[in-house]
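Here is the structure we will look at, set down as structure tokens.
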Amino acid sequence: MTTPERAERRRAWAAVAPALLWTLAFFVVPFAMMAAMSLWQRQGREVVRVWDLSNYQDFLSKPHLLGALWNSIEITVLVTVISVVLAYPLAWIIAERVPRHLQRLALALAVLPFWTSYVVRSYAWTLVLAKNGVLNQALIGAGLIAEPLEISATRGATVTGFVHFFVMLLTLTIYANLVQLPANYRRAAADLGAGPLAVFWHVTLPLTLPGIMVGAFLTFVLCIGDYITPQILGGNSELVLPQVIMLQLGRGADLPMAAALSIVLMTVVTAAWLACARWLRLERA
Amino acid sequence: MTAPVELVAITRDFGATRALDGVSLGLSAGEFAVLLGPSGCGKTTLLGILGGFLAPSAGHVLIGGQDVTALPPARRPTTTVFQDYALFPHMSVAQNVAFGLRMRGMRRLARMARADEMLALVGLQGAGTRRPHELSGGQRQRVALARALAVEPDVLLLDEPLGALDLKLRRQMQDELKSIQRRVGTTFVHVTHDQEEAMAIADRIVVMNGGRIEDEGTPQRVYLRPRSRFTAAFMGEINLVPARVGGAGDGHLLLETALGPVRLALKGDLSAVQPGARLALGIRPEHLRPDEAGLRIPGTVIETIFSGTHQRVRLQPSPAGPPLVAHLPQGARVAPGEAITLAFDPAAAVLLPEA
Amino acid sequence: MTAPVELVAITRDFGATRALDGVSLGLSAGEFAVLLGPSGCGKTTLLGILGGFLAPSAGHVLIGGQDVTALPPARRPTTTVFQDYALFPHMSVAQNVAFGLRMRGMRRLARMARADEMLALVGLQGAGTRRPHELSGGQRQRVALARALAVEPDVLLLDEPLGALDLKLRRQMQDELKSIQRRVGTTFVHVTHDQEEAMAIADRIVVMNGGRIEDEGTPQRVYLRPRSRFTAAFMGEINLVPARVGGAGDGHLLLETALGPVRLALKGDLSAVQPGARLALGIRPEHLRPDEAGLRIPGTVIETIFSGTHQRVRLQPSPAGPPLVAHLPQGARVAPGEAITLAFDPAAAVLLPEA
Amino acid sequence: EELNALVWCDHTDPALIEPFEKAHGVKVNLKEYEGTGTALSIVEQSRPGDWDVFVIDGIDVPRAIDAGLLAPLPVAELPMADIFPEVVLEGFQSRDGNTYAVTEKFGYNTISYNKEKISAEELSEMQALWSSDEFAGRIAIYDYYLPVMGMVAMGLGKQTADIGEGDLPAIRDALFGLKKNARSVVDVVSSQTALATGEVDILVGGGEWVTAILAADQPELDWMIPDQGAVRWSQSIGVFADSERKDLAVEFVKYILSPEGQARLATSSCYWAMPANAKAGEVLTDQQKAALRWDDQPDYLKRAQLYPAPDGDLDAAMQDAWTEMLQH
Amino acid sequence: MTAVLRLASWGYALALYGFIFLPVVVLVLFSFQDGRLPIPPFEGPTLRWYAAVWQDRSLTAALGNSFVVALASSAVSCALGFLAAWGLARGRLAGGRAMQGLITAPLTVSYLLIGLGLMISFNLTGISPSLLTVGIGHAVINTPLCFAICFASMGDHQVNIERAARDLGAREWQVLWLVTAPMLLPALAAGFALSVTFSWDEFIIAFLLSRFDVTLPVEIWSLLRSGLNPKTNAAGSVVFLVSVAMVLAAEFTLLRRRR
């Protein structure tokens, strides 16, 4: 007998199946292939299917590859922290200080540059940060500095480009968290004698922390995996993991090594995920 | 720990809406006052103005004789229990209760001891280490109460604190609220739109409607002698019979009604009532009883509905007028279509404006 | 348009939970049956099995004599009105009402005409072009009703259809439901946990508890002569006085109670009652009246609460036993601490198992 | 019909491609790359028949022949006689009597600089670039390991053709010194940008391909060859062995090697450089020839050495050294 | 104190808005630069770089490609994500949490790795890079997004609405098509709009999985690598305007629906 529940389950399976198969075919299988590839080797001009960990050993023994991992982690952590610290007050100001009917507009303005192409945005920063660029000209013109700041082609430039992007992203997510926080929590705290700072510290901040963590994790993932910004803004003064991966892919034609480095990158992201896992649950309304 | 409250001509506008319209009200220290009224009548607005979350457009708030109109919530001798409890979800129950004390700079040990005391007061001994989400609705309600009382406010404000509870729990919490209020002696201002709840707990009921106070007084006064048609109908089912003043004098008023002439004894000055004036006579269903002394009303039964403690009977009075509702004892044998004579004691009826 | 319903030994398990435990029930065609019981007792489960949303773990469902246990909802002669109305938010009111007809392939014009008819039936003429979110709660409820009735089901299932309405609207919709049911003649199975609602509308009340049927019968029967302690307490407040059978005979039972000896006239076979057996005597508060004939109980008033139609008085009986609750008339002048004598007619009391 | 060509960025100039497309009524699909490794990895990731035309570094032609990528060219139909003899690279491009690729363009990896900021004399000693402090922060390095490492080797007194594993430590140290002085390590466009915007005064690895295109706007940007010489690069064009449109591909090669094609290639938008066909001189304007230093070529050719052409292992080692420099 | 706080707030907001707008302003300003170098000094306005963009046929082709890929991949993502969300929210499936985790997993993986993995597997299975493979890549990253958005707006209150439809005789596809999808239209629209945005701006996957037909970001990338001039600024400004126009269009149509 087909009970209603069984029919329901069958329908549910039929609905989930396409996405599952899709994910399997175009996400899980590619990942497996990449993992397999990472165990092969580039020998001379050929890829040979010997199964060993020599790519990983190489990675661990070559300081310039290991260095790329460290650069990646340092830059990503720096970017994540700076972005959160910059975005939170802005989101707070929009949510709390801007009149309600203007909040959408304020938010739209805060993310407007989102709509320039990502590649173009990095390029635009090179123009801003160049030795004779807008920033230096303006600062010199204003008499604030005598010699142009040397920001272009440095880690500072990379971090600036990243922070620009993620401040927008985080302002959005943190704002969304702030406005969905029921007003009664803040009222209750104020009612019990908390001043504005105490309300923020004891109530608003802890209650928006999960949202911040989600945003921070998103920032981490997107930042550590990005190739464009460091490539355009970093001036090759140092390399991050994605740049090294792309080098293996292009100049080195070493797909196995690229795959191995990708697995390393994946491991870092997974570690970050585990670190924030308890804030990253997907809930239904 | 307790203080009188005085609202002076409070008006509050939201854009074009006038949520409160010249509300004046005095409450004694230690009183349990209930603001009762339909949705949108301005109860929450009034409570917000008392608590300092809203500023009045005009008028003053005095607590313990001091004008607090300009003070923020944190500096008023009031605390609020919110309908949704607003317990801090990231703190334990004890931390919630101790929050106000912490803001006042009380030491950890001292405030935790006090939190335990407060939890005991509301019957939640030992629940201090739990998180709000681990509690049932009724338990959360108690925590919210304990948190608000912990800072020893002069006035406790409660905005439909029982609205989210199911009926049984609600009736039970009413009793507890009342007994806690008696123990602490704090002035309670409690908002509800449930008139049974209001009667069960209030020392004084303040009936609101459309931003104004319609009536105020003890539950008995407001139920049995309502000052307005609105109050009369809001406090419970009532039959309103149109009446015309035939004459007055000798402490009595002579009314012409569809049910026949009614002689009503009234206290006070009758000269204000003009002969010919149109009024309404309010008769509660439980005051219409079979075959008793008083004014007799013959009629025909339209419908009987068994309601447990009584039978609810609708009948068409023979003289004329709109159908009446009467509560008859369970045992009364009445059936639709049957003729029946009921009676009521004019002393139990109440005279109300026509509309 | 209408049909009898027969449930045969329905059992339903959810994993380890037994939501229904051998429920058998027969309803006549055109009956207004109310399933009444506390939260979690299995009402929704039973209704789901009737509607075909759930399959029973054991047992059969017969509608109009036909076994429908294996049919999906769409092929049963039932439709359901959900507590949250479940109106299609993206369709107009008329499209909502006409949906079932559309699924049956009825032409646009024909089904729109029928939708208008149905809307008229529920008092919503002309509201067809509106969207559900533009309607009030009570109006949505009516649309849901019209939608379910539009396809002319034999049996209409209603799962707490009035649960989301406020009290006043709820009482009003009860009357309308009842009168619509009379007009269409369809068998209604209505779920609620509000015993006042059940008494107001039911032809037959089915009291459920813990997955079983505790009692069933007319409202009067179930309220005045409950078959179990659970039913007695669930239908309204009741005083349960422990009683021991002293002896039986002559159509009477002699009980020893804390209030003194009680002689109870009982119909039927008394031989089943063993002398010495422990029972409980159930007395509704409204049956305890001041100074009347019957068994007199002296006592001391503990507390009086004004409740509008009556005063709720708690008193400690002098002989012994637990405090009793009595409903006294509004005018009765009683104060805490006062001595008072109440009386009840043993014929109005009901004998219940001890626990 | 479509022709798929794997090319350097100079071939993506519509001014170069459109005349051919019009003449033959075809569409030319171009995929650009930078560096032979990238090209080979793209080819590896393709299916046979995907590609028709290949533009590749002159010194890497043998790698492509070894891998069986290239088809013999009908030399009789090509203007072989007009190619500057110095850049023909017979030994690289022919095998067993077949010619697999023809040089189409050449130039130098040496030093581009800003005349207003620094004089050619100051740059004549290459070693100063990595050992002297006076260039600190004024240098950009062209981000391609082969020519720059070749230059550094020459600066250290080695021959580019002889570079072996043993030379790498010295070269690497020199690179580290260079990196210390450098503001950035840049691709083709960023190298132009860096010079043009005054970001740096010196581009190591630059040459006419960086500055010629800017000559009209910014005459102060120039290039020179230090005392130790420069690296000569050349690019060759060939046809894929498994091309399914060999005839059209050969037509394309013919067009590129024709005087008109050569002139357009020499002055295409990504970078300018000397055409391999001497007859292009008849099509180019005097101004263009001046920018290309047409007349100085005999001298330059003498002072330049070919790109290093490492085998697989050495290539990997050189890339590692380069990446280490980037991370230094 | 409050005055200081207010002043600090507005000062801060102003500074951050300045930071956020700086590159865009510079980009647009120097797209009108009458000279080769898009850096100060500004040498007076010209539209010639816009003309150059207009005449660049690979750029215009890339613009079209981007549209096609964005729309098609978003449609696929929405369909897959919606169905999966519905199945997982409604049917109490054993292992539901695990499946949910699997479907959302791509959200937590860098695009580079997704692109590389796909490139490797397409390579090993002999599938040539094309707009189709780019579209697949974009649907991989956007399906979890659409899933998450739909899943989050699947409330239990909709269960009864679907039941009501079934109860009234609707077949399963009718329930989905006539009731569930229209009911979740806001979520679907949001998912679609977001997917289009992400696909529109995505570089690395498109770069790794395309060959001749490329999307706009990839074309702009090669533009960047083929010469420094304000044409890049002009192209960037055009993309900016097109994107803002799309956003406004989406906003207005969605807003109108909500009213």
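Letters A, B, C, D and E mark the chains as written, and numbering starts fresh at 1 in each.
Keep this in mind: a contact is a pair of C-beta atoms (placed from the backbone, for glycine too) under 8 Å apart; a residue touches a chain by one contact, two chains touch by 3 or more.
Bear in mind that the values here come from a model prediction, so they are computed numbers and not experimental data.
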Set of chains adjacent to chain A and to chain C: B, E
Two chains sharing the most C-beta contacts: A-E
Chain B and chain E, separation of their C-alpha mean positions in angstrom: 55
Computed distance of Cα centres, chain E from chain A, in Å: 16
Cα-centroid distance, chain C relative to chain D, in whole angstrom: 92
For chain C, residues that touch 2 or more chains besides their own: 52-53, 72-73
Residue numbers of chain A (touch at least two other chains): 130, 132-133, 249, 255
Contacts with two or more other chains, residues of chain E listed in rising order: 39, 123, 224
Chain-chain contacts as defined at top: A-B, A-C, A-D, A-E, B-C, C-E, D-E
In the complex with chain C, residue positions of chain E that touch it: 157, 160-161, 163-171, 174, 179, 182-183, 185
Parts of chain A lying in touch with chain E, wherever the complex brings them together: 8-9, 11-20, 22-23, 26-31, 33-34, 37, 86, 89-90, 93-94, 97, 109-110, 112-113, 115-121, 123-125, 127-128, 130, 132-135, 137, 164, 167-168, 196, 217, 221-222, 224-228, 232, 242, 245, 249, 255, 258-259, 262, 265-266, 269, 273, 282-285
Touch list for chain B against partner chain A, complex: 51-53, 72-74, 78-80, 82, 84, 86, 88-90, 99-100, 103-104, 147-148, 151
Partner chain E, residues of chain D touching it in the complex: 4, 9, 12, 14, 29-32, 34, 45-47, 50, 187-190, 192-193, 196-197, 213-214, 217, 269-270
Interfacial residue positions of chain C with respect to chain A in the complex: 52-55, 70, 72-73
